[in-house]
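Next up is a structure, given as structure tokens.
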Amino acid sequence: MRNLPIVLLVLVLASALVAPAVISDFNLRLATLALHTSIAVIGLCIAFGWTGLLHLGQAAFVGIGAYASAILTTRAGLGFWTTMPIALLASGLVALCIAVPMLRLRGHYLALAVLGFNVTFEIVARNWTKLTGGFDGITDIPPVFFFGWLIEGDKGFYYLSLFFVVIVALFGTALRHSRYGRAMIAIRDDELAAGTSSVDVTRIKVLAFVLASVLAGLSGSLYAHHATFIAPQDFEFGRSVTILVMLILGGESSVAGAIIGSVILTFLPELLRFLGDYYQAVFGVLILLILIVMPNGLVGQVQSWRARWAKGRSNG
Amino acid sequence: MLQVEGLSVSYGPVTALDGVSLAVSKGECVALLGSNGAGKTTLLRTISGLVKARLGSVSLDGKAIDGMSPENRVRKGLCHVPERRRIFPGLTVLENLEVATAPWRRFGASIATDLDRVFELFPRLRERRPQYGWSLSGGEQQMLAIGRALMSRPSVLLLDEPSLGLAPLLAEEVYARLSEISAMGVTMLLVEQNTAMALSVASRGYVLEHGHVVLAGASTDLITNPRVREAYLGA
Amino acid sequence: MSAQVLQLAINALAAGCIYAVVALSVEIAYESTGVVNFAAGQLVTAGALIGLSAVAYTKFNFLPAYLLVIVGMSMIGIVFLICVYLPLRRQSVLTIVIGTVGVGIFIQNVMLLTWGPLPKSVRSPMGSGAIKFGDVSVSLHVLYVIGVTALLIIGMYLLLYRSSLGRQFRATAQDPEAATLMGIRVKQLYALNWILVCVLSGIAGLLFAPMWLVDVTSGDNIGLKAFAAIMIGGFGSVPGAILGGIIVGAIEIFGAFYVSSAFKDALVFALMFLFLLVRPQGIFGERAADRA
Amino acid sequence: MAESSPDAILQVRGLTHRFGGLLAVSDVNLDIVRGTLLALIGPNGAGKSTTVNLLTGVITPTSGRILLEGQDIVGCSSSAAARAGMVRTFQNGRLFKRLTVLENVLTGADGRAKTSLFDAITRNSRFRAEEDAFRHSAMELLTELKLDGDADRQVGELPYGKQRTLEIARALILQPRVLLLDEPAAGLNSGEVEELISYVSLLRSRGLSILLIEHNMGLVMRLADRVAVLNFGEKIADGTPAEVRSNERVLEAYLGRKASHAAG
């Protein structure tokens, strides 16, 4: 029983590896989307799930990464492996610039400030036509070469995304089990006590916000090359809400939950296709139900069931 | 008048009260003594309905009020003046007093006599009528908290540390007013760390330790009982 | 002042009035529950669209139609209280805030299903007439917006500061537990709160609808501007919300004319960021660090 | 003013704090002699908690100086004060609920960490060595406090008494120069209080300087080398436990005027 998590992990990875062979092209496309979205969700897990920053603008940072990649590849002719690091850097730098003044703010101030940033980003993306292509967005973003091997079609991109998700998940897990992860969770649990336990609260908050944005940038860069077309509405405030809901659904302080949440919420419109136009309304109700029924998300729910089960066994 | 039987309260794993029983008869003033963390405040909060008891029962005038909401307990004449006064800082003194008439005031019912009664007890409040709650000094805030409670026309008054943070002279003045209120026939249960003051108004007292009643008796007996001193100053 | 500037100023005031009413609704919810209502924009749209249907239903009898809107919005407020606020009340404020986002999505899509995606034009009870003052032409609806807003603000003032109910409402907002101990029925006041919030947003919807075309997303932008208005005016201050709304209206109208109509909204948010940097408490507000 | 007695590890001079118009702490002087325990007592609302907040950088004083080993730490952030060696526990147990018992203690150790973010996410040998060292000292502390069996449990599963003990462990791993214990006995049963007393005595015998904030004088009388008494934000007495216990002003503050006459 002790090795159960490891067994599960191997099973999940194995099925993720063989999935492209068995699922339809359409589902493969969704799975790829779910994978690179989950990178942004893991980023939000660091900022919101652990550190407690109510971050309602993750989509804007995905957008910065996507536009940076798209503009540099289409205009300057650079390849993905050059633009991707630049995209990360761009999102991270923008985050750093706004983090220091914004993180003096708490709770709803931060939420509204980041929301305002998201809306401003949309306005700029729509109207700075020369740079961003305005409403029409940027088309014909080139595919990715991997050591001269063209990663084309969904199958190749699926494995590329999976590779990055595994790297990011490992990064997230390592971070969680280091002093940085501890400090972040300490800040969310009790900021005052974290300070008196020698945690440098401001520095860790800035770090969490910047890391979240760097991961969003990676997610955006992958998105741009996968979709080969980006437009401002891909990064609007509503998208930030979706990313947040993915995290809450999966379990707000768990890397695995972030991935699970983004997979479920990416496939949900398909699963609920019979609802037709009602899907979005149901989506709103779904948010409320998750908040009311299982505020700790799927992972949190499973953990509490396991704890109860273990308790029942030790008592019985 | 007020009867508490076998009351037990826990906050998660911590037991705050463990089988506390006490009774206050009509018109009586009873003091509740004990050190920090003994469970005095929890007891008052349970009586006024803010905290749900795990076991035991509270009854008022012989009728159990256990399921009743705090708002409805006020309507039955049970009013709790909470620790640290908790006046409404953004309401004026007059508004603080008027707002407490919500339980009984219907259209047109006059509050003038009730206001007069409070202003007679606390003339300072009359002067301060238009001032905001936050601008009052600690002593004035305490007077306002007591005055506000009187506006709800209580038959039983629960008071939590009315002398907290007050200079000795002010605390004595507050206590002088409390004995006047007691003389008007209002039943009182008084939590206080200032033993001498509490016992100067109260006729009887209970000593609480770790959620248990460890001692009960007349004020005159308690004041000389070494156990009371121990509870505060240690052996 | 040239006629043109005066003309712009009047339009700015009208737009500002609408933002001020929405900001007032957000501010009331925030002061009494600590919750920032992210569904404000969708509630504005709901007011406009319910108004549209109600006016058609009553065959352009505006008074009963508007009463229908107020009843409808009150019902939304009560449903919100029972289905969202009360079940989530014990959790952190952040959770409730995310809950309001869910409510917004729900309302928006129910409206999409009911009214469809196409923009609609809405008539004003004042008709489409205008008055000319020299070179300045002011539509009757704009004057109506300013008048109704003034009445609303006076009405809210009387309700909150001159009535027994308002006293209880403010007491509950400041200290719900102490209010309970004074025999105030706190749940009823929470109901009043959410009814006020929804009705105010709904009235803002009725006011803005005849000025622009209405579709299911038109309130979103108004909600966002109302947030900016509160940040500028200062969280925790009713006069701040009203002043902030008018400032936002002015920046938008003058900015569109003198700077760029594409970036007029960006100007609003730029000012908001400037305030966050230099004076995070806004013009009148609480200190930003005080409330978590 | 005895400016620099060589064996005073903490010297507080003229500490004053105003909330609005209210003087919460007024011109307070305190001295802790290295390796001794000073108890700070006083009735509810006397300003004890404010004093702790001032000493640990949670709030900044209106005026006054706080000299830790001769160095003024006024204006330091709470984390800087903690790293300087001014470490506290909280009156009502503020642990990190979503971390395990061991992780709670480790948070305190992290202030001494030298490794970078890069080391942490690559989990290289430098990082692992540091982490192992921290874990080792954390486990040592937990063993000493009989919490080693609970190291991997969530904090919420611990009984209250153990939670209070855990807070002391989290403070101790910071290697404090002065340990501030804010009402450590609140809510403990009498057996737990005895254990607390013997552990605090042990810490002092190892040379740790302690400031104990306590409401319950029983505990104070058994532990303190010196006692300072606050009332209305002012220090009204300072001396040995016996001196303070018979001090007229102290009795008055605690029991009220009449009782102190009756008792005296």
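First chain written, first letter: the chains are A, B, C and D, and each begins at residue 1.
The working rule: a residue touches a chain if its C-beta (ideal position, glycine included) is under 8 Å from a C-beta of that chain, and two chains touch if they have at least 3 such contacts.
Not measured: the values here are computed from a predicted model.
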Busiest interface, judged by C-beta pairs in contact, is A-C
Measuring between Cα centroids, what's the chain most distant from chain C? D
Can you give the whole-Å distance between the Cα centres of chain A and chain C? 32
Between chain A and chain D, tell me the centre distance in angstrom, where each centre is the average of that chain's C-alpha atoms. 41
Distance between the CA centroids of chain B and chain C (whole Å) is 42
So, with touch as defined above, which chain pairs make the list? A-C, A-D, B-C, B-D
Residues of chain D touching chain A in their complex? 56-58, 77-79, 81-83, 87-88, 90, 94-99, 103, 106-111, 113, 117, 120-123, 127, 131, 170-171, 174
Where on chain C does chain A make contact in their complex? 30, 36, 83-84, 87-88, 91, 93-95, 97-99, 101-110, 112-113, 224, 227-228, 231, 235, 260, 262-263, 265-266, 269-270, 272-273, 276-277, 280, 288-289, 291-292
Enumerate the contact residues on chain D facing chain B in the complex. 22, 43-45, 156, 158-160, 183, 186-187, 189-190, 215-222, 232, 245, 252, 254-260, 262-263
Considering the complex alone, what residue numbers of chain B touch chain C? 48, 50, 69-71, 74-75, 79-82, 86-91, 95-96, 98-100, 102-103, 105, 148-149, 152
In the complex, the residues of chain B that touch chain D are 12-14, 35-37, 138, 161, 164-165, 167-168, 172, 193-197, 200, 210, 223-224, 229-230, 232-235
